[in-house]
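In the two complexes below, chain A is the common chain; its partner is chain B in one and chain C in the other.
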Partner chain A sequence: MGTIIEAKEFSYCYPRRDNQVLKDLNFSIEEGEFIAIMGRNGAGKSTLCQALDGVIPHLHGGTVWGDIIVDGLNTQEVEVADMAQKIGIVLEDPEAQLFTTRVDDEMAFGIENLCLPREEIIKRIAWATKVVRLEGYSDREPTALSGGQKQRCAIAATLAMKPKIMVLDEPTSQLDPIGTYEVFDVIKSLKEEYGMTILITTHKSEHIAQYADRIMVMEEGKIVAFDTPQVIFRDARLLSHVAVRPPQVSSLAGYLNSNGQNIKREDFPILVEEAEEMIRSLMGGKKDGQ
Partner chain B sequence: MSILDYHYGDSYIHRMDPRVKMILLILLTIVVFMISNFYVLLAMFALVMLVWKTANLPLKNIIGYMKFLLSLVAFLIVLQGLFFSSGSNPIILVHPIIPESVPVIGGHGTVYLDGILFGLILGFRLLTLVCIMPIFVMTTTIGETALGLVKLGMNYKYAYMTTTALNLIPTLQDEARVVMDAQKMRGFQVFETGKFMEKMRAYSTLVVPLVVGAMRRAQLMGVAMEARAFGVKKTRTYRDELNMRKIDLAAGVLVAFICVGMVYFNGLLGGWY
Partner chain C sequence: MANKIIEVKNLNYRYMDNGPLCVNNINLEVEEGDFIGIIGQNGAGKSTLMKALTGLLRPSEGQIFINGEDIADIPVSVISNTLGYVLQNPDRQLFAETVREELAFGPTNQGVSEEEIEKRTDYILESVGILHLADEYPPALSKGDRAKVVIGSVMAMEPKIIILDEPTGGQDYIGRYQIMDIAKKFREKGHTVVVVTHAMSLVAEYCNRIVVLCNGEILMQGTSREVFSQPEKLQQTFIRPPQITELANAMKEELHIEETLLCVEEMGDKVLEHIEA
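Let's look at the complex of A and B:
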């Protein structure tokens, strides 16, 4: 597994503005990693997502310094449409990115643009439909689907093009808990079963704690931390500084500490299972509360 | 439910080759403009309604528009009846009701029979046209329309530009409704109870969010399309195939034949103005 995304001193400024929204980014991401990008609104998360597939600067204009190399291609030199075969992007608004009148038309659109033969198109639609579990919805109208189904349809439409990297920009921000769960479940299978590299921006800490390999924390256009969930979610000072909510179980440990318990920072749970262990040990290792 | 939105169904019209539908749409539009005999126009209207029935499209969708159009037809009849000016020797139904001695408007007020008939034809022509267009849009998906245009020789980029623009209309209608509802919820009642001028002014409050929203949506859609490799190659492939079946050809020829017949009868019976 090699490096698949590399940013070298990348900065970006929107047209007709004079402040940089992305400042001096340096990072590299390995193939097959699940990366969560977190930070408050306006920290530059969405801008970074769009920079990765070249929408920035090709479609939005503006000034760029430095380079982002995605799977050997420099995003500044390659057109967005060419980049689409390497990197797929799913946007926040489920409505605006679905523009056909049938679910399977939606999935066909991208692969038709790649000039694949008809048999391959049909095969890939069937595959993508199965991966996102939308069987039986092929002839439905995308606008008539539920929020979670719409996002899964958008994922499938991108997935059918078989990109190596999937970028999801706040895919669950407009979804209810069930829709969120469905979408994360699909994203998880993309990583585990198909070895895709995943980048996702989200505020859903619990899901991130469970699935992400590393978390990139952004603040005012800069990367302030880039580490595993275990390290990030236990760093209380960092989290409050960047306004990222830790998983509830970590907050529970902090709350217990402020009420007289003495749980070490490095033992703070981030997953429910870890919290269970912590509570058991606090109760003296007894089972069933005896 | 809009009349410019795809209406899910499985009728013969739905399954018809989009190319045939497209050509017939253009043909029918032209013929409607050529007909100036009321009876022939009525026959045309009946034909269009028959197609609505065949396509299993809900008539209630168009009835709201019909009400509006019928008032327009009435308006056209009155307007043409009073101000008809073409034609060498119009039949006068009512002689000037305003005597010549009244300044400025004196001598006006003549009601012309030819004018009334002309208004009737004009109005009914409009009515028929409004009923033709939705048949195509409601029975043909965006994908089929684009594919049809491409197979008729259009560059696929233009074909998609056309069809996506068409697809934006129902979305905008929905959005207008959302904005109006939001206004109503905050006690804005001009659209229900306001005077004409107030209503006109109120529309500006509707237009701004609508235009801003449409531009934002169009930009996002552009990003979404590029992100799925739109325009990466000179041509593209298609999952769907169009096959012109014999029955499609036959239906096309039949409708074309009827159209020719109507134009013939129109000439035979003579125009009404």
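Let's look at the complex of A and C:
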């Protein structure tokens, strides 16, 4: 497995604006990694997503400095349509990418354009439908679905194309809590079964903690941290600076420390099970009733 | 006893004739001044129920009373004087050239006097925290600010009730709390707030009562503590309690926790009690 995405001194400025919204980005992502991009609204997360598949600068215009190389191709030199076979992108507003009159047609559109055989198309639609829990909705009109169902439909349409890299811009903002875990589970299985590389922007710290290999934290167009969830979520000062909420159990460790406990930063939990361990060890390993 | 501001009786709704019931025999009472959280899985019927309350969808069967009046024959434009609705996607309801005009639009149509409109918009610009944006073009604002403008524009009509449909989806941490604080402030002025959301920790923190929908029906209702103390039941509608509540539930016996804990401080104090003991 090698590097699949590499940004070199990449900066970007929207047309008719004079401020850079992405500033001197340098990073590389390995094939098969699950990356979460976090940071406050307006930090540049969505702009970065669009720069990865070449929509920036090809469709938006504007000024670009530096390069982004995706699977050996320079985004500035390759057409968006060619890039779309390598990178699938799910937009933040699902309504912006739904346009057919049936859920099934929505899912078929991308794969039909890949010129796959009919049987394969049918198979992939059935798979994608099941994965996002939209069984029974095949004949429904996408615009008549609920907010969360629209989001699932948009994810399935992209999933069905089985791209090498999937970029999802807040794919769960309107999903119920378990639906959010399900979508993350699906994405994780894509990574495990197909070696797919995943980039996802999200505000849901508690959900993403157990899934992401690394978290990229953005602030004012720059990358201010890029490390494992364990390292990122333990850094309370960084998180409050970038308006990312730590998982509640990490905050719990902070609260205990401000009340006289001495939990080491590297022992701060991010998952419920880790918090249980932490509390037990604080209590001297004693169990109930002993 | 407080005034019943919303009363729903045996409400059914189907989108297509002979289609499935998306809202199935709902009976609900909301008291004036409540801060109600509506939660439930995607497709549970939350937005459908909200649209029925606003009159945008008319019941297939059943009745809805807003402020004591059956709304069956009342036009949406009249209901909206009493009940303000902020859509799931705020961009669908922004259209004026400036933030100030956006806020003035509703009350102007209500026939409110110019001085009063000015008074209201000034107050809202200030209290919602968008005074510095008064002359900006709404679609060019950040996501968090757009949501605040839309909520402000509905509040400017001074409805007795405000419905916020997933106001915090896609908002960052700070944005979420700012929006819920705006709603809280509105409630403190005597208004009733109904919020539809998937953000369980916010519901736990802000709402005095929670209604859980599942497949178009009410699965349960009660205070946050009552509702989140039943994780198995919540699972039916794809809800998981806040992380801290899950932790407290998991360690119930070890830490002798009897009540349902909802926030970091409550759990922290419980742990400290045990360490000190």
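The criterion applied here is as follows: the second predicted complex is superposed on the first by the 275 of 290 C-alpha atoms of A that agree within 3 Å, B and C clash if a C-alpha of one lies under 4 Å from a C-alpha of the other, contacts with A are read in each partner's own complex, and residues count from 1 in each chain.
What we mean here is this: a residue touches a chain if its C-beta (ideal position, glycine included) is under 8 Å from a C-beta of that chain, and two chains touch if they have at least 3 such contacts.
Computed from a predicted model, the values in this text were never measured in an experiment.
Trainee: Now for A:Leu116: first (chain B), second (chain C), both, or neither, which partner does it touch?
Mentor: Once the two structures are laid over each other on A, A:Leu116 reaches chain B alone.
Trainee: Thinking of the overlay built on chain A, is A:Glu33 touched by chain B (first), by chain C (second), by both, or by neither?
Mentor: neither
Trainee: Can A:Ala96 be said to touch chain B (first), chain C (second), both, or neither?
Mentor: first
Trainee: Which partner chains sit in contact with A:Asp71 here, chain B, chain C, both or neither? Use first/second/both/neither.
Mentor: After superposing on A, A:Asp71 lies clear of both chain B and chain C.
Trainee: Return first, second, both or neither, reflecting whether A:Asp235 touches chain B, chain C, both chains, or no partner chain.
Mentor: neither
Trainee: Check the residue A:Glu219 against both partner chains and state whether it touches chain B (first), chain C (second), both, or neither.
Mentor: neither
Trainee: Applying the touch criterion given at the start, work out whether A:Ala81 contacts chain B, chain C, both or neither, answering first, second, both or neither.
Mentor: first
Trainee: Using the touch definition from the top, say if A:Leu59 reaches chain B (first), chain C (second), both or neither.
Mentor: A:Leu59 contacts chain B only, not chain C.
Trainee: Give me the intersection of chain A's contacts with chain B and its contacts with chain C, in residue numbers.
Mentor: In chain A, residues 93, 95 are touched by chain B and also by chain C.
Trainee: With touch defined as at the start, can you tell me which chain C residues reach chain A in the complex?
Mentor: 15, 40-44, 47, 88-89, 91, 142-144, 166, 169-176, 198, 200-201, 235, 237-240, 242-244, 246-247, 250-251, 253-256, 264-265, 267-268, 271-272, 274-275
Trainee: Using the touch definition from the top, list the residues of chain B that touch chain A in their complex.
Mentor: 6, 8, 141-143, 164, 167, 217, 220-233, 235-241
Trainee: Applying the document's contact rule, which stretches of chain A touch chain B when the two form their complex?
Mentor: For chain A paired with chain B, touching residues are 50, 53, 55, 58-59, 79-82, 84-85, 88-89, 91, 93, 95-102, 104-105, 108-118, 121-122, 125, 139, 141, 157-158, 161.
Trainee: For chain A, which residues count as touching chain C in their complex?
Mentor: 39-42, 92-93, 95, 144-149, 151-152, 170, 173-181, 203, 206, 243-245, 247-249, 251-252, 255-256, 259-261, 272, 275-276, 279-280, 282-283, 287-288
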